[in-house]
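Going by the order they are written in, the chains are A, B and C; count residues from 1 in each one.
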Amino acid sequence: MRKVLGFALLAVLTATPTWAQNINAAGATFPYPIYSKWFDEYHKAHPSVQINYQSIGSGGGIRQLLDKTVDFGASDGPMADEQLQQAGFKILHFPTVLGGAVPSYNIPGVSAELKFTPEALAAIFLGKASKWNDPAISGPNPGVKLPAEDIVVVHRSDGSGTTYIWTDYLSKVSEEWRTKVGKNTSVNWPVGLGGKGNEGVAGLIKQTPYSIGYVELIYAVQNNLPYGSLKNASGEFVKASLASVSAAAAGAAKSMPDDFRVSITDPPGKEAYPISSFTWLLIPGQIQDAGKRSAIKDFLAWMLTSGQQFCEPLAYAKLPKEVAAKEQKAVALIQ
Amino acid sequence: MATAPTTAEAAGFPWGPRALIRRVRSGDELARLTTLVFALVVVLLAVMLVEQLWTNSAEARHRFGLAFLWSSTWDPVFNQFGALPFVYGTLVTSALGLLIAVPLGLGAAIFLAELAPRSLSDNLTFLIDLLAAVPSVIYGLLGVFILVPLMRTEIQPALKRALGFTVLFQGPLYGIGSLTAGLVLAVMIVPFIISVSREVLLAVPGDQREAALALGATRWEATWKAVVPYARTGIMGSIFLALARALGETMAVTMVIGNNPRISASLFAPGYSIAAVLANEFSEATGNLYLSALIELGLVLFLLTFVLNGLARLLILLTTSRGSVVQT
Amino acid sequence: MNLRMLWRKSVNVLMLSLTGLCALVAISLLFFILGYLAYHGGKDVNWDFFTKLPKPVGETGGGMANAIVGSGKLLLLAALFGVPVGLLGGMYLAEFGGRAVPFVVRYTADLLNGVPSIVIGIFAYAVVVMPVHHFSSLAGGFALGVMMIPIVLRSTEEFLHAVPRSMREGAMALGASKWRTISSVVLPAASRGILTAALLALARVAGETAPLLFTAFGNRFWSPGWSQPIASLPVMIFTYAVGPYEDWHRQAWAAGLVLLGLVLVTNIVVRTLLSRGTSPPRS
């Protein structure tokens, strides 16, 4: 029944001419600022190619790719083995940039930059630290006068790679988090308000006094939201920046697996920012439409070379050279 | 309501072989069949809709059974899905909406039907109908930027001071939350209550009112004790209709409810409604069971509104037809 | 006794003024909404807004030209699907139906009218997007069309019923067939009513967001043809309103004003025309 209707509609739509190569993609909001910049710049350089990217969240990117409603997806969490098996077709991961998820907050009257220990962060997101002046938070911040106000936790309401990175990190540093909540693109949050997309979370933090949430670095920067530094595995408090995120990837860059699926949260290294991650484009291993295939391959090659210059103004760290070179070879594998 | 001459016999067509031939020749039969096909498309669409919701939710229905309705965990990591927080959030926000909208709407309807001169009443009703036409996303926009800050800085602190001893008004003041969603819903459904209740009140025969006035009742007493009880069933109908709308309302609620699948007694706490979780998670559910659970939520919502709509229409029909019977 | 009368009189005055207050509150809501949108959105409804594409996220400027055209295309598709089905179906109910079939059709139409818009979106995703593996204008138009059908159907039926019986009998007496009578006498007499009903239905679905989220999806560029994802005003307002960027908020207000303006103007014009017509049926 639905086939008939579908075909009837298909018949109508095939009759209409398309004058450009239209490619549709969807997924992560974490790299959305850089992706929308890239697709805009690429369109200017190649007017016949139009890549429409909708930032619906990493979960959405994976889902829509599996349903084949988009030409490629994007995610900040690598796809799980069983998801890849379920797909029924080959899916390749291409890291594009590096970013960091930052604990961003809005505390009226506090302008100092807060320091967070992993324990404090886990306690806040588990709902165990419910006031800003909780000793777990104020301990590492002597001299900052934290108010006795309720903490408003803000998290994602959609399937999100930023959530994946955040919960991946919390699972590594907190046993209680790992067993109670776990890591995924969406989890069963113990506390908090849900916002849609990194945009929505940043919007909620900005509008809600005494709130804390996690967003990709650029969303905090672009919206002038304060964000704290984190105690990394070597015991140093590190703030997210191009350098500290790059430092987090240094180890992984040398031992990058062939499928590029790697987690770099809580890495070793004194300068490394602990909640850093690659973000990936999810490209089907085989693309039927020759025009789309060549356009996508050409875009990937452009992104790995000239595209990288747009990263730093938007606070994303460039791909390590070795990784970019390794990806160039993988691009050739798309058929 | 205009009662029209129905169908073929009224139009004067005899049945029989010769008549049939005439009808085919004149294109009547063709026209009948063509329009019939289009009428059946409506039925087909409804059947397909139910079929889609039913088959696509099969996995979740088999896995969780009826326990889906009262299980309160919504955990995509461990593949545990229960509808309770969403059903709860939907019902609480809708109930709040009604609590505010019913007195307001009924009051306005009484004014428009009983007190205002007819021309003024018609003009004001025109404005009320315009209010009903304001898109949901606009209410969301105003909700996010006006109501939420106002709730956080003014209304919620005041409520907490006055009623903070009850469980309903405790906890952090987010601005966003069930109470805010209920308020937005109230504004959205008020026009429906007003225009349907006004119709129903206008259908009450005049002698009801006159009899009460003749017995020495004041204007208000005549309205409240004679007219309103007479229209009771129809007013209930308008309330059910408004409720059905509130339950299915999506965008405005999504933008102010807080999107957290947790049941809390406090109205300040964030919640989640069925429609909101569908808007947020439907296109992004990674697992098949997850997706199927979402579609089952859609099915639950569909059934809820279906039952309420049916009930509402029945009640309205009962009063308006009784009204017109007495009149003639 | 006098005291009791006084009490009753004061209750009377109090309650009656309260009902007036209720009406005043309800009416002022409309003016508040209009005024606030005009105040906040007015200054940003400019040439750029109507002619430019959205900028990459985080950059200021740009407009919503693609979303405005997108909404237009979606409404065109919705009308192409919803109006014929509703019109001809309604014609069947009013002119040809027996007992059982019209009862079932009316009942399902009312049922369909009450289905939450987000559920219509899921339905359209399942029957249009999934089989062809494409978010598209067509899928969005289909979803909106489904929402229009019950409204157009029921109002067509009512307006046809309202055509005076004498007009039919006149045509019949001149020897016209039933179909001739309907097409050349009854339908023209009811046409204005039906047209306004269709326009009202269109104005209603123009503001719908939920059914478009996973059918029309979204598009930062122009959407050529009919098989591509497409931007629409309501979805843009939603995305921009929940986002963190000041510039997005600014544009969301402007878009809200434009959308509300279009919907209200359509409503006002259509309803004014309708009330001047020959005794429209009340539903």
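What we mean here is this: a contact is a pair of C-beta atoms (placed from the backbone, for glycine too) under 8 Å apart; a residue touches a chain by one contact, two chains touch by 3 or more.
This structure is a prediction, so every number in the text was calculated from the model and none was measured.
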| item | value |
| --- | --- |
| More contacts between chains, A-C or B-C | B-C |
| Reference subunit B; chain at largest CA-centroid distance | A |
| Rounded Å distance, subunit A centre to subunit B centre (Cα mean) | 39 |
| Cα-centroid distance, subunit B relative to subunit C, in whole angstrom | 16 |
| CA centroid of subunit A to CA centroid of subunit C, Å | 38 |
| Residues within subunit C bordering two or more other chains | 126-127, 242 |
| Subunit A residues counted as touching two or more neighbouring chains | 2, 195-196 |
| Residues of subunit B engaged with two or more neighbouring chains | 48, 52, 144, 283 |
| Touching residues on subunit C, where the partner in the complex is subunit B | 8-9, 11-12, 15-16, 18-23, 25-27, 29-30, 33, 36-37, 84-85, 87-98, 101-102, 104-105, 108-123, 125-127, 146, 149-150, 153, 158, 160-162, 165, 168-169, 172, 177-183, 203-204, 206-210, 213-214, 234, 237-238, 241-242, 249, 252-253, 256, 259-260, 263-264, 267-268, 271, 281-282 |
| Subunit B contact footprint on subunit A (complex, rising order) | 1-2, 56-57, 59-60, 62-64, 83, 86, 149-152, 157-159, 181-189, 191-196, 204, 207-210 |
| Complex interface listing, subunit B residues touching subunit C | 1-2, 4-8, 11-13, 22-23, 26-28, 30-32, 34-43, 45-49, 52-53, 56, 103-108, 110-112, 114-116, 124, 126-131, 133-138, 140-142, 144-146, 187, 190-191, 194, 199, 218-221, 224, 244, 247-251, 255, 275, 278-279, 282-283, 295, 298, 301-302, 305-306, 308-310, 313 |
| In the complex, subunit A residues that touch subunit C | 2-3, 5-7, 9-10, 12-14, 16-20, 22, 24, 26, 32-33, 36-37, 39-40, 43, 50, 52-55, 67-70, 195-197, 199-200, 202-203, 205-206, 218-219, 222-223, 225, 314 |
| Complex interface listing, subunit C residues touching subunit A | 55-58, 126-136, 138-139, 142, 217-222, 224-229, 239, 242-245, 248 |
